[in-house]
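Beneath this line is the structure, given in structure tokens, with notes to follow.
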Amino acid sequence: MLGIVAAIIDGVLIGSVYGLAAMGLTLIWGVMNVVNLTHGAAIVAGMFALYLLTAAIGLPPYATLPVILVGGFLVGVALYWIAVHRMVDRAHLMSLLSTFAVNLVVIGLGTAVLGTGLFNVPVTLPSVTWQRYTFSGTHILAAALTALIAGLLYLFLYRTRPGKAVRAVANNREAAELCGIPTTRVLSFAFGLGVALAGAAGMLIATMFPFTVLSGDAYQLKSFVVTALGGLGNPAGALLGGVALGLIEGFAAQVMPVSWTLVIEFVLFVAVLLLFPRGVFALRRA
Amino acid sequence: MKDDTTAAIVADRRVPMPRRPFFWIIALVIAAFATVPAVGNNVELRESLLLATVYITLASNLNLMLGYAGYINFGSIVFFGLGGYIGVYLISAHNWPLAAAELAAGVAVSLLALVFGLGILRLRGAYFALATIGINEAVEAFVSNFQPWGGSAGLYLPTTIFAPLGGPMRALWVIYFLLVGVMGLSLYLAYAVKISKFGLGLMAIGQNEDAALVLGVPAPRYKALAYSMSAFLPAIAGGLYFFKSAFIQPSDAFDLGLSTEAMVIVMLGGRGTVTGAAIGAYLYEELRGWLLTSESFSNFQLVVSGALLLLIVLFVPGGLMGWIYGRWPRTKAVLE
Amino acid sequence: MRKLCLLAAIAAFFAGPAAAAGDQTLTIGMTLSQTGSLNIDSLAQVRGSELWRDQVNDAGGIKVGDQRYKIRFVTYDDQSQGGRVQQLYTRLIVQDKAQFLFGPYSSGLSATAAVITEQYGRPMLIAGGAEPKTYTLGNKYLVQVITSADHYLTGAIDALASKNAHAKVALVYSDDPFSKAVAIAAREHAKKSGLSIVLDESYAPATTDFSPIINKIISSSAEALLGGGHYTDGATLARQVHDQKADLKFVSLLVAPDSPEFASLGPAAFGVTVPSQWEIQATYKPQFGPTGAEFVKAFQDKFKVPPDYHSASGYQAGIILQHAIEQAQSIDADKVVAALNAMDVTTFFGRFKIAADAAHHGLQIAHEMVLAQWQKKNGQLEREVVWPTSAQTAGLLYPLH
């Protein structure tokens, strides 16, 4: 019994980071109707940024977070102009394929340069022990930082003008254009923001688990599942969806053989897509 | 799809296949595949052409959904993998003969595709694409846990399976010819669909599904049929391919990378064209094979595939055939 | 004039290879996992083989009658995936004209490659595939130099049982052909030895988050952990077991702890045991080839790191093949296989003898494994052989907590 509670708590902690990762994906999807298939590569980039900054420059691990957020934003904006700008109004197929192509190139370069070995960033933090179960300090801090970033994002989207412009463009691009909002700049801004969030999520994941150049795929898939749960374009939903996924994973692993959790996850994914097209946690929208 | 191509199709829909030049071009390609390696007993060529036939089969069948109906099936490899598993299972556990096992695999997977399809074809665009990934991953995760199929350790076939075909060496040739046959059927199927009323309906769906519905195209039925059709031959190809390997495991059978390569091929060759899928697959397979064994490039195949795809999507969305049609408009009538 | 030059060029092209036949080269083909999750282990294995090749070539080559054959390797990257293995091995045989083959690393990839040997009749020495099933499918050309998977955890279970006859065991292993084969045999043996298995589960090989399964280990009150898979998951599991304070009394993981890299885990590595095909401290008296100490020195000089058992098995594949060729005094595939079938020898790596009957051809039946444990020696983490007691260099540390 205690084991199940411990698993659920740990699941929620890790799940919130999944939610952070998905927030970036869902923001981009909601604002410009583009499914960003470089999402996985952005997550991996965040992981390696943590590794390189701590190993090469000796920055303390958590100090890399602001660097990665800013760097990710700039990379995202550049990526928008290279691969996405021309695709925004075309059929879904084109933007899917172009972001997918960029993903192949980035991962391919990563593999060629860094190899496919396992990388680990040793982060030691005091852990919390309850009964016989231990909650790693890194998991707790990652969840806390996720909450912080999510809060900042909320403030940005709802309390600042640029944030409102982003929401306006997400809501109705033509109307926003008519109101004088520079939609193209907003789109590139939103894309940068999405990539920054993905990079930040990658960095936090790297403080918890080891990774390889190929780790992005698994987290990208999880982001899709979370986005489906939370509804498109709904960052709050994404966070909730992430927590829900973490909870399900943690719980399922305790009551059935661990190898079945992946089956549950993907069946859930397809089921949610079919039954809750707006997401399970979608807010009522006019 | 351009309007004048559609017009051309509408115009000569009633000309039966054997009277069309393209029909004979396909026949020529099949004959070439079958005879060239056999003539010199050129085993190395046969191995690389074998992979090419698999790619062409996957790409042509993917074209039915992607090229004609405009539905992106990211997880199309699930048909190949399931066909492989069913074929290998029937042969190893129940001693079915090769032909029967593969046919059964094809039928079973098409039926399964119909069932899956009826569910997910209600989704549009990116949702559908993601759902196909979800299905592939769910099936892979399930098969990894499914002990009668060996779970994650996979299924092995003893070398005695090659005996009814005349021993391992001869069996390789037999399988190759069968795969060439499957490839040929895929090309003919894609062509037949393209020039039929069914194909016209699919293309209408691809252009604007709502308009097609309004005009009376039975979209849900057509989509389900196309999805199911696109599963049949890849399943048989999977069965034959894994029979040849005498070993199948989930990570090889449900490799998303192969699905995505099929997609790159369809785009590379020219979406919606039969020749495109074939030429694209052949070129891509040769390129990839060369990159893999080349000293300096073996790490770069992903980069090259990605860069190629990006260039096509950004600058030449019609692919190779699109470019050819543009430069030599007369080929449109002959090379479909 | 032009036509004559062209004809001459064509003639030279065809005459070329014929003239080169006087060149005595023996080509050995193999794939290695230059990329992918099996990279670390695969590289170690190939390095062992390369050391052998270089030593043979430096000595002038393998002597057959009055000819000397120098060894040439042709390798391709299999990317740790089965998809291209068959195509690559076919290419090695057909295009690169490999006369002998070394298997890839890992049981899954070895199984895929094995079919090719039957189809083309080339002997393949397998140093990296322990799964026994591959040898039961009817083959004539496979030769396994390492102990098969069903024996891996036998020593660990015996060692554990000697300290705690009714220990509670958690069997947690990677979902891949090799680890599954090990687990099946371990289950049987544990039950026979009186141990109780309180948790028995597999995880996906690419898992990096082991906390759910470690929670289950803690909940099951297990005292010992047996299992793991290959390097990447094994090392991660060891680290997280330590971080989550699972406080186990005995840990035995496959493969990973045998790599010198494992020491980088620091405190998480301490006390972890590993079933090993060979350890530096092994004292087998070789009938031919180098002694253990000579091998270690040569490897260290060449690669600047100590060898692990993967490198040793890669080297073993080389000297066994060499001995078989010398015994058969021929490089003909069938004659060499006949020599391999008849061999019962001891090298620095241990004993070598394969089953020659059709039902199990190629299965290694004489080589034995040892259990090694990471212990502290003069403040440094080092591996000591702790089981069997006849071969031990230090006592087993038990319990760890």
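For reference, chains read A, B and C in written order, and residue numbers begin at 1 within each chain.
Here is the rule we go by: a contact is a pair of C-beta atoms (placed from the backbone, for glycine too) under 8 Å apart; a residue touches a chain by one contact, two chains touch by 3 or more.
Everything numeric here is computed off the predicted structure, so don't read it as measured data.
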Contact graph of the chains (line, ring, star, complete, other): complete
Top chain pair, ranked by how many C-beta pairs fall in contact: A-B
Centroid spacing, where centroids are CA-atom means, of chain B and chain C in whole angstrom: 37
Averaged-CA centre spacing for the pair chain B and chain A, given as whole angstrom: 33
Intercentroid distance (Cα basis), chain C paired with chain A, Å: 39
Shared interface positions of chain C, touching two or more other chains: 35, 175, 202, 204
Sites on chain A at which at least two other chains make contact: 111, 257, 259, 262
Where chain B touches two or more other chains at once, by residue number: 144, 152, 299
Chain A-touching residues of chain B, taken from the complex the two chains share: 66, 70, 72, 119-120, 122-123, 125-127, 129-131, 133-135, 137-138, 141-142, 144-145, 152, 260, 263, 267, 299-310, 313-314, 317
Chain A-facing residues of chain C, complex: 35-37, 39-40, 80, 175, 201-204, 206, 208-209, 211-213, 215-216, 218-219, 231-232, 235-236, 239, 243-245
Of chain A, residues touching chain B in the complex: 29, 35, 83, 86-87, 91-94, 96-98, 100-109, 111-112, 221, 224-225, 228, 257, 259-260, 262-263, 265-267, 269-270, 273-274, 277
Sites on chain C touched by chain B in the complex: 34-35, 76-77, 81-84, 86-88, 90-91, 94-95, 108, 111-112, 115, 118-120, 131, 133-134, 136-139, 175-177, 180-181, 202, 204-205
Partner chain C, residues of chain A touching it in the complex: 2-3, 6-7, 10-11, 14, 111, 115-118, 120, 127, 129, 132-134, 136, 139, 208-212, 215, 218, 249-250, 253-254, 257-259, 261-262
